[in-house]
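Shared between the two complexes below is chain A, which pairs with chain B and chain C, respectively.
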Partner chain A sequence: MKIFKFFITKIFLRKAILCISMFMLLCLANYTTFIASRSILSTLQGYQEIKCMNQEGIFIANLDPDSNIDMDIIGETGTRIVYDYLNSNHKYAFYTDGFMIAVPNDDDMEISLCYMNEGYYELNQFDISHGNDLFFDFQLDKEEAIPVLIGTGLSKTYPVGSTIIIDEPVLGRSVILKVQGVLKQNSCHSNFYALNSKSYYNFSIFMPVNQEFIENANIDLQLNGLMDLIILDTTKEKTEDLSRFMYDNLGLKFNFFSQEENFDYFNDYYLYSLKIIAITTLILLVVITCISIWNALVSIRLMMKDFTINLLVGLSYSRLRRIFYSYFGILFGVNLLVISSITALNRYECWLRKDATFVTYGLFGLIGMDWLALLVVLFSDIIIGMIVVESMLRKIKKIPISLGVLQ
Partner chain B sequence: MTDIINLSIKEKVYQDKKTKLSILNDFKLEVHAGEKIAIVGESGVGKSSLLNIIGLLDMDYIGEYALWNTPTGKVRGKEMARWRNEKIGFVLQESALINSLTIEDNIKLPLLYAESTKKKLRLEDYEKVVDEIGIRSILKKKPLECSGGQRSRAVFARGIIMKPEIILSDEPTASLDVENRERIVNLLFHMNKEFNTTIITVTHDLEVANRHDRVIRLERR
Partner chain C sequence: MGKSLFRFADALELAVVYAFCFFLNLLFNYVKVWDFNSYILKAFFKNFMDYQTLIVFFFTFIVIVFHYQMLYRKKIEVYCRVLVGDTVLYIAIRYIRDCLMVLTVIYLLFLLIHVHLKFCLTGNIFLVFIFIIYILISASQVRKYENF
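Now for the complex of A and B:
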């Protein structure tokens, strides 16, 4: 320890510019690896999530980009006819979110309402930390409370069995909600078209939607629900009929993409993006590692006399190797700490902004995905560290420690 | 008398970016404990390379080398480092100091690698060595704040602080004036007389060389 301290304070830090440049290079390598690996992990997680919809017989609605998007001309009659048609001819999964309401809670967060029908709920198999599953055969009666699932954050104020009174934005009246269960911490939903983008359910309420609910809801919910509609157990012909029916009654052109089409899209788009991210990161890492090696070799050249004198008076190569590894261990450790702190601060910022859809819980503010990405960074650090240290030692051994070096 | 150095080199190849030289061909050296040996010869014949080999700094040669009757080929790197720390002292030119350390830290550098019992003993000797060599006034100075003579004495102090059995000295007086040269040579011989330390000196200075027990002249073959 004494020798290591000596090297740090009297040798390495005396060439501060080299230490700082090495630290910055490693920081760049670490941050690039962290961002890329978290992005890949997040996309893979989203891919797993979306996989349940990527089955034979499932078609996902997508508003045609060329379609008329003047929603003002669409009336409630049109949407009601469409839902009647859906109920009679199709099994479907309905989901829409983004309706924010004020519900008193310990963290003073705005609450996001997520509406889903039984088809969507069964398709996604949400994990519940305590309480019971959602049920959908409730009566939309003023007297009867609607069973809901809530996020972990909200459950501190509203435990299982408690009731919440809200001004329901889509029903346009006050309703009583009964907490049926609590979603697992950090449950989230990936954006269909950007799988690494997540909305967290920690401060959300899952509202069960049945036929009666849709009939009583305003046009906002009815239309929004159609945008991400998932048709189950169906055929291409039937979805084409549905698309025509929707166009006739709403004036909106919807495309329904099959399992194969989705699969191709995922492979073409997401896997390609993942490959690009991975390859770019790898190239960047190789470049940064090369610059780090160059920096290390310049350091060796400048410190050769110091190393040689130490080798003359009793330093061994094996001890020098240990010193280098410890030194790089410290550099990587500080780097990891910096990245962890930046990430934790970013996550904490969501709490400060009261951004209900992004607040998360985790050890030291970091969620599982962050820890996994840090693990990847640690692994890459071990590889970079080994390459740089062994290159340094090779260089030192190549210039034989000799009296000539000093003269 | 017992030989402490038994060296037989068949060939040593010296190579840098531009040149490749075969030196020290069929060279043999036997040294008794307490002997004073000077190695002379023109530049490039392998004087410093020989010192590197004797000092366990260079193992890249064809031949056999036993130090204290132990074949060095069988000694592990860690053990060699311990020998360099405890048993072999290097006295080099005045430039062989770490400029970022004070003279005191430079002199005490071998103590950093010493075993705790040895370290204690040598620390007790440190004050005596400093006074004998006459460098107390510059202990807190950095090498670049000292004169060439002062730096040479500091290098000498570092070389003897561990009371080595062998002192390898490479051109210790090369850049010194007559007064400082005398001082360093006397200090070396004092170590030999007082502690029976073996002295091997590489030098161009024939006057210094002739004051040793034996002079070995290396020649190009």
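Now for the complex of A and C:
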């Protein structure tokens, strides 16, 4: 420990510029690895999430990019006819979110309402930390409370069994909600078309939607629900008929994609993107490692005398190797701390902005995916550290001790 | 190189270091105009594009390392030159001249590439400004080796 302290204070820190530049290079390497691994992990997590929807007989709707939404043509009658057709001819999963309301809560957050029908709820199998599952056979016209699931953030203010009175934005009237259960911490939803983009449910309310609810809801909910509609147990021909029916009544062209088409899309689009990310990261890491080696060799050139004097008075190469590894261990440790602090601050920023769809809970403000990405960073650090330290030792071993001392 | 502190290998090393920083800037400008057609790629590169100036600035530290080690290695040469009648001022002026020569060549090379690709030139000017500051600071350090 004494010799290590001597090397740090009397040799490495005496040439602080070299230490700072090495620190910055390693910081860039760590940042690149962290961002890349988190992007890849997030996409794969999103893929796992939508895998349950990529089954045979399931078709996912997508509004044709060339189709323009003209609200003059689309009326409530049009959407109602479409839902009547859907109810009598298809089994479907309905989901839509993003309706923000003000509900008093301890964290003063705006609450996001997520509407889903039984088909979607069964398809996704949401994890509930406590309480019971949702049920969908409630009566809307009676003064009966609607059973809901809430996010972890709301469970402090509204425990299981409590009621919430809200001004329902899609029904246009006040309704009573009864907390049926609490969702697992950091439950999230990936965007179908950007799997790495997540919306967290910590401050959300899951509203069960049945046929009666959709009939009484305004056009916003009815139309939004059609955008990500999932048709279950159906065939290509039936979805083509549905697409035509929707076009005739709404003037919107919807495409329905099957499991095979979705897998092809994943292979063409996501795998291509992930490959580009992996290759770019690898190239950047190789370049940064090369510069780090150059920086380390410069350090050796300038500190040659110090190293060789210590070798002359009895320091062994294995001890020197241990000192180098400890030195790089400290650099990597500080770097990891910097990266985790920046990430935690970014996550905390969402709390300050009161951004209900992005706030998360986790150890030191970091969620599971961040910790996994940090683990990848640690692994890459070990590899970079080994390459740089071994190059330094190789260089030192090449210099005769007598020559080094004379310098 | 005459009375210069630079040998060919030193000039080449400095040119490579400058070229790397300019190339990084070029790469950022290229990514900026790249039509991704992919949300994931766009989100991934945004993490770098948002900090373009900071990242490029971090990498310019390798130029500081070059100047630092260059002068440190040449301290005996500086002392000997002073001993045989040269002055610190002239050594520093020659050092500035040589560094600026290398910088100008590399800058012009990348300027041509930027103009050819119709990219914004502000990033390069920012780099030149930083490198000139580094040169001036390192040239002022020559004085340190007057008395060996």
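Quick note on the criterion: the second predicted complex is superposed on the first by the 401 of 407 C-alpha atoms of A that agree within 3 Å, B and C clash if a C-alpha of one lies under 4 Å from a C-alpha of the other, contacts with A are read in each partner's own complex, and residues count from 1 in each chain.
Definition applied: contacts are C-beta pairs under 8 Å (C-beta built on N, C-alpha and C of every residue); 3 or more make two chains touch, one makes a residue touch a chain.
Since the structure is predicted, the reported quantities are computational estimates derived from the model, not experimental observations.
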| item | value |
| --- | --- |
| Touching partner for A:33 - first (chain B), second (chain C), both, neither | neither |
| Touching partner for A:289 - first (chain B), second (chain C), both, neither | neither |
| Touched partner set for A:239, first chain B, second chain C, both or neither | neither |
| A:306 touches, of chain B and chain C: first, second, both or neither? | first |
| Chain B versus chain C as contact partner of A:314, first or second or both or neither | first |
| Contacts of A:357 with chain B and chain C, given as first, second, both or neither | neither |
| Doubly contacted chain A residues - partners chain C and chain B | none |
| Chain C-facing residues of chain A, complex | 15, 17-18, 20-21, 24-25, 27-28, 32, 35-36, 39, 43, 193-197, 269-270, 272-274, 276-277, 291, 294-295, 298, 301-302 |
| Chain B-touching residues of chain A, taken from the complex the two chains share | 2-3, 6, 10-11, 14, 305-306, 309-319, 400-404, 406-407 |
| Touch list for chain B against partner chain A, complex | 48-49, 51-52, 55, 57-58, 60, 77-78, 80-82, 84-86, 90, 92-93, 95-98, 100-101, 105, 109-110, 112-114, 158, 170-171 |
| Parts of chain C lying in touch with chain A, wherever the complex brings them together | 20, 38-41, 43-44, 47-48, 55, 58-59, 61-62, 64-65, 68-69, 72-73 |
